[in-house]
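In what comes next, subunit A is part of two complexes: it sits with subunit B in the first one and with subunit C in the second one.
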Partner chain A sequence: MISQETGWILLGALSVLWILLGIYWGRKAKSMDGFMLAGRNVGLAFGTATAMATWVTSNTTMLAPQFALELGVWGMLAYSTAAFGLLLFAPLAKRIRSLMPGGYTSGDFIRLRYGKATWILFLVISIFYGFTWLISMGMAGGILMNAIAGIPYATGMTIILAVCTGYTLFGGLYAVIGTDYIQSLIIMAGIVVVGIAVMNKVDLDTVYNHLRTDKPMLLKALQPAAMMAVFNNLLFGLGEVFHSNVWWSRAFAMRGEVGKKAYTLAGFAWLPIPVAAGFIALTSGALGINVTSPDMVGPLVAANVLGKAGAVIVFAVFFCSLASSVDSLLASTSDLITEDIYRKMINPSANQQQLRKVSAGIIIGLAVLAWLVCLPRIGTLATVLFFAGPMVGSTIWPVATGLYWKKANAKGAIWGMLAGSLAGLAAYFELGWYTASLVGAAVSMVVVVAFSYFFPDNFDWRRLDEKHHGDAAQKASSHVFH
Partner chain B sequence: MNFSLTRAISLKAMALTGLLLIALRGLGADTIPELRPATGPVSRDGHVKLIWQYNGGHPGNVYELQQAKNATFNDAHTIYRGPDLASFVSGLESDTYYYRVRLNGHSWSETVRIEVLHHSMRLTLILMVVGAVVFLLTAWIIIKGANQAVRERQI
Partner chain C sequence: MKSITAMPHKKQAAMYFTESFVSVMIIGALILISIAVIVLLALLITDIKNKKLW
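And then the complex of A and B:
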């Protein structure tokens, strides 16, 4: 643990650094393409770093240890399967870039591919998911600062949301990707330091014996909830990446063939991080650390093992991992609302300045709304985040088949998302959060396949390139609907 | 007269004793923390969060939390001793567990009974197979689709 004074100094230094960098990178964002998509010219190094840093969120640094503490070794492995989200999105990124060279959002794709009704449902799902992710990270920021520096939960949560809102407002995706690059370097260096310290401090035999006597189910191969969590988490990860505009905006922002390589590299770089983060949670009992809330176990053990100096590193790593995701979510959710709702539904003739103003207003509005919901600390990180699981899981097949199957159709996509979401929510309440995405994805898959077989479409891929086939696409989309 | 005086004194003594007993009982109750599980009394995934509160508590208080597999606590062992007001217990096998907490050196709280009942292995395996099928088919359509897109571009 560190003193509150040290915590405030660190918090202040990191906050000023990110805001100054945001202003610096923000100078490049002269047009909406620059603000929303970093000029569509992101290279491999920045592309890989932003994908990895964004995926190393509070969900990795705080939720992976929670998985290990609740579900044991299986839980730790279950969390690492989320890497498949990035790995399987790699070919999709290439496909997206070639089919939609002028695209802006994942909503654009759904609208052009499936029409307006599916698009509206997709926006509801996507914005709801983005918001739950944002809330889970605002909460994580408050929990982290309270656990490590004793800064009150509400104060810590407010500061992290305010800082990320600040630099995202100044620099858009340029600032987000630039800060992600530096944050990913700090995260990787920090995790190596924490890993080495834990291995030096803890005797593996002691950890094993403690688990075997006091927490036997954490070591068992046949732990039902943990076994269910393996594919649930894998499919949740696929759904998150496949549908979310966080990842689509990066696919649009990366130049040419970069997307496929960047997502593949990021997936492999991310894979061992949850295993390392999860392992430290398993040592908590042997170290005599009392865990009062499972989502605090990661920071608690790391700070305990590393002492005061190490706690400074942990503080910086956790702050970076949170900031790199909060900024991405604010930017991409704001893009989705600005582009898909404001420009497409409310004011199609809006100019660049108007769009920029609306985008800034949405970023601030989202942050304020997230702050209000975070204040009462409504549950653990897992329960908050996985509540969106059924909806997220139900988008996998409409998105994947929409990109590769000509016969995939609007009816299949809309009914797949609806039936999958409802079935997944039933599983969430009846069986547990560790089944919701799995059930949602499975039901959605069956529905999408059935509709593609019985009511095949014959989609013309050229309709996805809105800039060159705008009129044709509009006609086609109204045709799909009626 | 003497009888009346003796009776009056006896009644006063009895009343005072009663008040004293009530006061002592009240003082005793103040040192007993109230223990409860954060969620319901049944756990399907082998973990439980226990929370306790104590009205006269202050940050220096030390609490002791015990776990046992029977209500008499003759096999009890201490799983936490310290100032926190909650403890998260995980890795429990299917069984019935009993918990109690006390302020160091004082009386134990009411016992909390938690039943751990893991999901059936049949349901688990069905969901695992379903999950594996969904994942493999998703990977298959993406890999097949990506290869086909490359071929179409070459043509």
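And then the complex of A and C:
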């Protein structure tokens, strides 16, 4: 679509930009609160953009078109329902910030709310999910660079992982959130430009009639599998956002009054993106484009209607959607391991310099591990992504009831996550990927509610605020680097 | 069971998303994304003015 030379120039320019911005913003990260949580004072603009950009992953820009091509209009709508993850997390973000003003991770919440056994299971699920997501991003990066610019898969994947690791190391969450703002603007502007260009080239009437004649299935209003995918995707999205430290760290990082507004705005900004991306895919037939690989339909259509400029825009959009998620995953998964495993389990008296070193080591370690797994180019994007679905779906109820319901208890949470994950995985293999999160969340709900009813707890919310309970390690973390 | 083609025309049309529905959805999506870009820029200016960026 574009020459390898142009691809290298684009890749180089964007890489240098992100690293320089990472260094610039990284100067603010003088304490662990700064490095891990951007000083806990992030405003509405950056808060909204970081939530929105992080949720626009390469899966949104590659899988949403694939959904549209395979499941039609319902596929676009199904992917859009992932916005409810952000919208419904908005009130939770406010509550998290008020209940845990000194909290660091989602693991902190589970440990304080449900105890050690549930915490360990939660960490296994959360780290597995985070790593799975990271791998799917790394793979997508390599595939895209190869498809758009002819850059070899291994080289493209390595550069993307290396650049994101670089600026996350320099600037922590300051760099992640700052770059997310610019990346969100590039993503949204790019999608609008390609969408409008497509509409100028082929009118909606032609697209509709072409689909009605050639692929009527895609316009069918009653498609049981596709309708199931709507609920599955909604619950998968909810599970992803509710449990993942990617979103919790942002809730801790935003100002108290900002979290709820930022997540709400981000949800509404994200909602139309899969529809626009899906529409671009649905026009491929009317434009006479031969789609050999469904997840590459976006770049193909853009290049067809806008020529080289279209391919350049798509390259930038994909790079930004990848970077905005990879950096967040590296930062938040590293936070989870540093805070929940190293500081809580291995070295509770660790000082700031030690924590920063460990955090940096974990970021590099995660990137290297992801690189090794990505290298052989295993599986498809959907397979990798949806495998984690039932597990994250089973965390929705333990997290939500744990934040609002005093009666929710540890037994319910642990059995809910276990039973939900196992039932969801069984559904994944026996029924199909589009039922896995649905089954995982439903089984977990029944278990959590039943345990809360039969063995009610009476949780004291003040226990979630570790700072007020004189935790020595917590006090140590308020010091700056020396 | 009746096949789709054997059904009366009106019932058959109701089984598919209409052209107007699809058009509104797509144009609406592009308008919403454009508004989101403007809102993000406006929020940035407001946060810079009020010194509430970070």
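Just so it is clear, the second predicted complex is superposed on the first by the 462 of 482 C-alpha atoms of A that agree within 3 Å, B and C clash if a C-alpha of one lies under 4 Å from a C-alpha of the other, contacts with A are read in each partner's own complex, and residues count from 1 in each chain.
By definition in this document, a residue touches a chain if its C-beta (ideal position, glycine included) is under 8 Å from a C-beta of that chain, and two chains touch if they have at least 3 such contacts.
Here the structure is a predicted model, which is why all the values come from computation and not from measurement.
**Student:** Classify the contacts of A:454 with the two partner chains as first (subunit B alone), second (subunit C alone), both, or neither.
**Tutor:** It touches nothing on subunit B or subunit C.
**Student:** After lining up the shared chain so the two structures overlap, which partner does A:441 touch, if you call subunit B first and subunit C second: first, second, both or neither?
**Tutor:** It touches subunit B, and subunit C stays clear.
**Student:** Classify the contacts of A:45 with the two partner chains as first (subunit B alone), second (subunit C alone), both, or neither.
**Tutor:** Only subunit C; A:45 stays clear of subunit B.
**Student:** After lining up the shared chain so the two structures overlap, which partner does A:268 touch, if you call subunit B first and subunit C second: first, second, both or neither?
**Tutor:** Only subunit C; A:268 stays clear of subunit B.
**Student:** Following superposition on chain A, which residues of subunit A contact subunit B and also contact subunit C?
**Tutor:** Correct list for subunit A: 216, 219, 222.
**Student:** Taking the touch rule as given, give the residues of subunit A at its contact with subunit B in the complex, in rising order.
**Tutor:** Its residues touching subunit B are 69-72, 84, 88, 91-92, 94-95, 98, 211, 214-219, 222-225, 227-228, 230-232, 234-235, 238, 290-294, 297, 396-397, 400-401, 403-405, 431-432, 434-435, 438-439, 441-442, 445.
**Student:** Provide the residue numbers of subunit A that touch subunit C in the complex, in ascending order.
**Tutor:** 28, 38-39, 41-46, 48-49, 52, 73, 76, 174, 181, 184-185, 188-189, 191-192, 195-196, 199, 204-205, 208, 212, 216, 219-222, 255, 265, 268-269, 271-273, 275-276, 279
**Student:** Can you list the residues on subunit B that touch subunit A in the complex?
**Tutor:** 44-47, 49, 79-80, 82, 84-88, 90-93, 118-121, 123-125, 127-128, 130-135, 137-139, 141-146, 148-149
**Student:** Can you name the residues of subunit C that touch subunit A in the complex?
**Tutor:** 14-17, 19, 22-23, 25-30, 32-34, 36-37, 39-41, 43-44, 46-47, 52-54
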